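In what follows, chain A forms one complex with chain B and a second complex with chain C.
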Partner chain A sequence: MEIKPLPWLKQSLAVWRKDLRIEFRTRYAYSALIMFAITTLVTVSFSVGGFALDADISAALLWIILFFSAMAGLARTFVHEEEAGTVTALKMAAQPEPVLIGKYLFNVTLLSSLTVLVVPLFLVLLNQKVLLPGVLVAVLLLGCLGLAGASTILAAIVAKAGAKSSLMTVLAFPVLLPLLFAAISATRMAFAGGLPRAITTDLLMLFFYDGTAVVASLLLFEYVWNE
Partner chain B sequence: MLGPLILGVWMTGVIIASFLYMPATQGLGEMGRIIVYHVPAAWIAVLAYLMAMVNSLGYLRRGQLHLDRQAQVNAELGTVFCLLATVTGAIWSRGAWGQYWNWDPRQTSIAVLLMIYAAYFVLRSAIDDPDRKARLSAVYAVLAFFTVPFLVFIVPRIYFSLHPDLINLSDRSFNMDSRMLKVFLASLAGFTGLYAWLYKIQIRLENLLYRLEMKRSE
Partner chain C sequence: MLNQITIKALSKAYRRRVLFKDISLTIPDRSAFVILGPNGAGKTTFLRIICGLIPATSGQVEIIINGQVLTAREKRNQIGLVSPDLALYGELSAVENLEFFAGVRGFSFSLDRARELLHLVGLQGRGHDLLNTYSSGMKQRLKYACALLHQPHILILDEPTTNLDESGVALVDKIIKQHKQRGIVIIATNESREVAYGDQTFTLA
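Now for the complex of A and B:
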């Protein structure tokens, strides 16, 4: 693998733009994500009723909602290529790594637009106070980067495995657990306050997880993509 | 035939010694004897998973199907020993902490390790084509292995764990009685031999099954 930053960047951005345009035409992945998130959110809010939840529980609930919505929508990018039969064209047009980076950027875009919509709704519906908004924003950003980072290559694997439903969740859950641990722990502190040192530890762990996920995906993607 | 015989005698010796020769541990009492089985099982699980990962990497580099079979056998053996470590750990936890399962960081990480390889086997069963199965599962195994350090080493260090550490990191000493250490090391060697023997049998079986498959499809 030879690293060529500039052509890679151009190609990745082209892949990213292409995916955004296709998504804008059908809005399938985005509506699946949003509807899934809203449905779970409403179910949670409805079953909780008027009770005020502990920060522990609402932090866990928030990440459960985000995780399962991500699983519902993020596999779409690669599955769509397989279904539409455009894989070969994409293979000819771009190197494997830019394809991965482009898809990764697309998934980050999808997830962050979901988060921007769902998290405020969550806070309103569950009546959750946020003591440290800056920490919450940082956790959500790092969390989205990590969720997308590990899911993108898994989506490629799932697409090659015949897009069996539920395979995505099964594969992603153990890989994403370290991220979820750290994210839930940091979100709890963002809701209820916590020691600066503990918060930094969690954020650092998220940061390193994100880096590891992206680097590992870049190294391995070639084997999934080329047959 | 001599190898398995020696192994059988050796392991029997270890089992007897763990109850008769080895003293009860300080603090943990009779429960401490489980260390002779729990730690070697965990060690073999890590070793087998490591070998599975090495085989997977080898498959990705060279694309030879026998490496994929080795990875599969190692993952299977790793899972068996990981289950043993989990169960013995839970029994010990019941005696020492009063509960079989309480999501101590160590228990969490071993549960996740089991889940990773459960997912690995699900992925393998979802794909029919042998080459594609080998490649995708190898990628998943390597990818999952990148996240394992977060669980096994970082999480128990950052978050408070009640799990005892064998090696005291502060003064680099071994917290063990000398007789106990002897039995423990003997058990470690026995478990490693057991793993090597099981691996040999399993890989022979898988190779034969593969050749049978080839014969049938001719």
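Now for the complex of A and C:
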């Protein structure tokens, strides 16, 4: 075999492709994400009964659905490696950073596809108007990157613990709180309009949160992975 | 150039239970080292420390290739591990597993190399079947293909013939004898047939 050293990105893509292939065949994580999101969405829309909600409440509801759906499925990527016993083979073959980046890309893919499906349904079922669609797209994009970023490193920690499913939500909530505040605030303005300065502040907050989550994860991951 | 493994005052304890203490030895190039001991003596732990999968309580393991002591990260590309603890991806086929492990190690994947390895381990014609449909013996054979994929200098085998039939045992025999000619083989076993491969043996009490 011809041996050509490849940079981190291609190794990360190998992890991403592998996880995507396994998910496509098993649908463990995606089923959990979708089922939670659809169930919550339908329950909320029945309770509201076709009335348009206040933009504040709608924005909060949307991010509650996305947050808990993410918690239901995003831990799966590391938990499955531990439960299936494949983590030893992965540790023997891969450097820690490409594993983290590959898993992060996989979680971003899962969460983005969930968002693409859930948000239009949410807008239709809750009869929610969007005054600034460009802002909504930016918030959702940055929000998904941040949710996936923080969830990925937390999933790596949780995978080594006993009570995996409950621990993920408990650990993630305080870590994701700043992101949720900024995302809810920016989403409210996307729904009802707002001052450009306030929107920019929230989007910048999300952008820096995403960057911090990824950089902090890269710094911490080797210790978590080799523990 | 010097290739060897040097183990210096290696100890491992889990809380108060000492598995082994102050093991010092050198494993030279082109040799096989066999580690023996009853169940629970720490054979697998010893191998996992050499692989860098778990830390030692004290002491160190130096892997020297071409006169250079390898870092923890460099070790991975010089070691091929076959162990009952190591599982491959059941939702992927044998070829997809090999493709993944080549990719994640940073090597380009070639279908010819995959076919060559699958032929070596007697899995030709089954490369595109999912691992979930394999028997435990076939999975063990594929572990050898994955361990040899990156042409490592050191082959570490924990209970090397577990789940294998007669032809599988002959295959392991061939792999060990071939690998001894160009690198280092470390085996943890209690099978007398496998102990015979060792140029050096060490017994954990």
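Simple rule for what comes next: the second predicted complex is superposed on the first by the 220 of 227 C-alpha atoms of A that agree within 3 Å, B and C clash if a C-alpha of one lies under 4 Å from a C-alpha of the other, contacts with A are read in each partner's own complex, and residues count from 1 in each chain.
By definition in this document, contacts are C-beta pairs under 8 Å (C-beta built on N, C-alpha and C of every residue); 3 or more make two chains touch, one makes a residue touch a chain.
Quantities reported herein were computed from a predicted structural model and do not represent experimental measurements.
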Partner chain(s) touched by A:Pro98 [first = chain B, second = chain C, both, neither]: second
Contacts of A:Thr26 with chain B and chain C, given as first, second, both or neither: second
First, second, both or neither for A:Leu171, with chain B first and chain C second: first
Which superposed partner A:Ile157 touches (first chain B, second chain C, both, neither): first
Partner chain in contact with A:Met205 - chain B first, chain C second, else both or neither: first
Touching partner for A:Leu141 - first (chain B), second (chain C), both, neither: neither
Partner chain(s) touched by A:Thr88 [first = chain B, second = chain C, both, neither]: second
Residues of chain A at both interfaces, chain B in one complex, chain C in the other: none
Chain A residues touching chain C - in the complex, by the definition given at the top: 1-7, 10-11, 13-15, 17-18, 21-22, 25-26, 84-86, 88-95, 98-99
Footprint of chain B on chain A - complex, ascending: 150, 153-154, 157, 160-162, 164, 167, 170-171, 173-175, 177-178, 181, 201, 205, 208-209, 212-213, 216-217, 220, 223-224, 227
Chain A contact footprint on chain C (complex, rising order): 51, 53, 73, 76, 79, 81, 83, 85-92, 96, 100-110, 112-113, 146, 149-151
In the complex with chain A, residue positions of chain B that touch it: 60, 108, 112, 115-116, 118-119, 122-123, 126-127, 132, 135-136, 138-140, 142-144, 146-147, 150-151, 154-155, 158
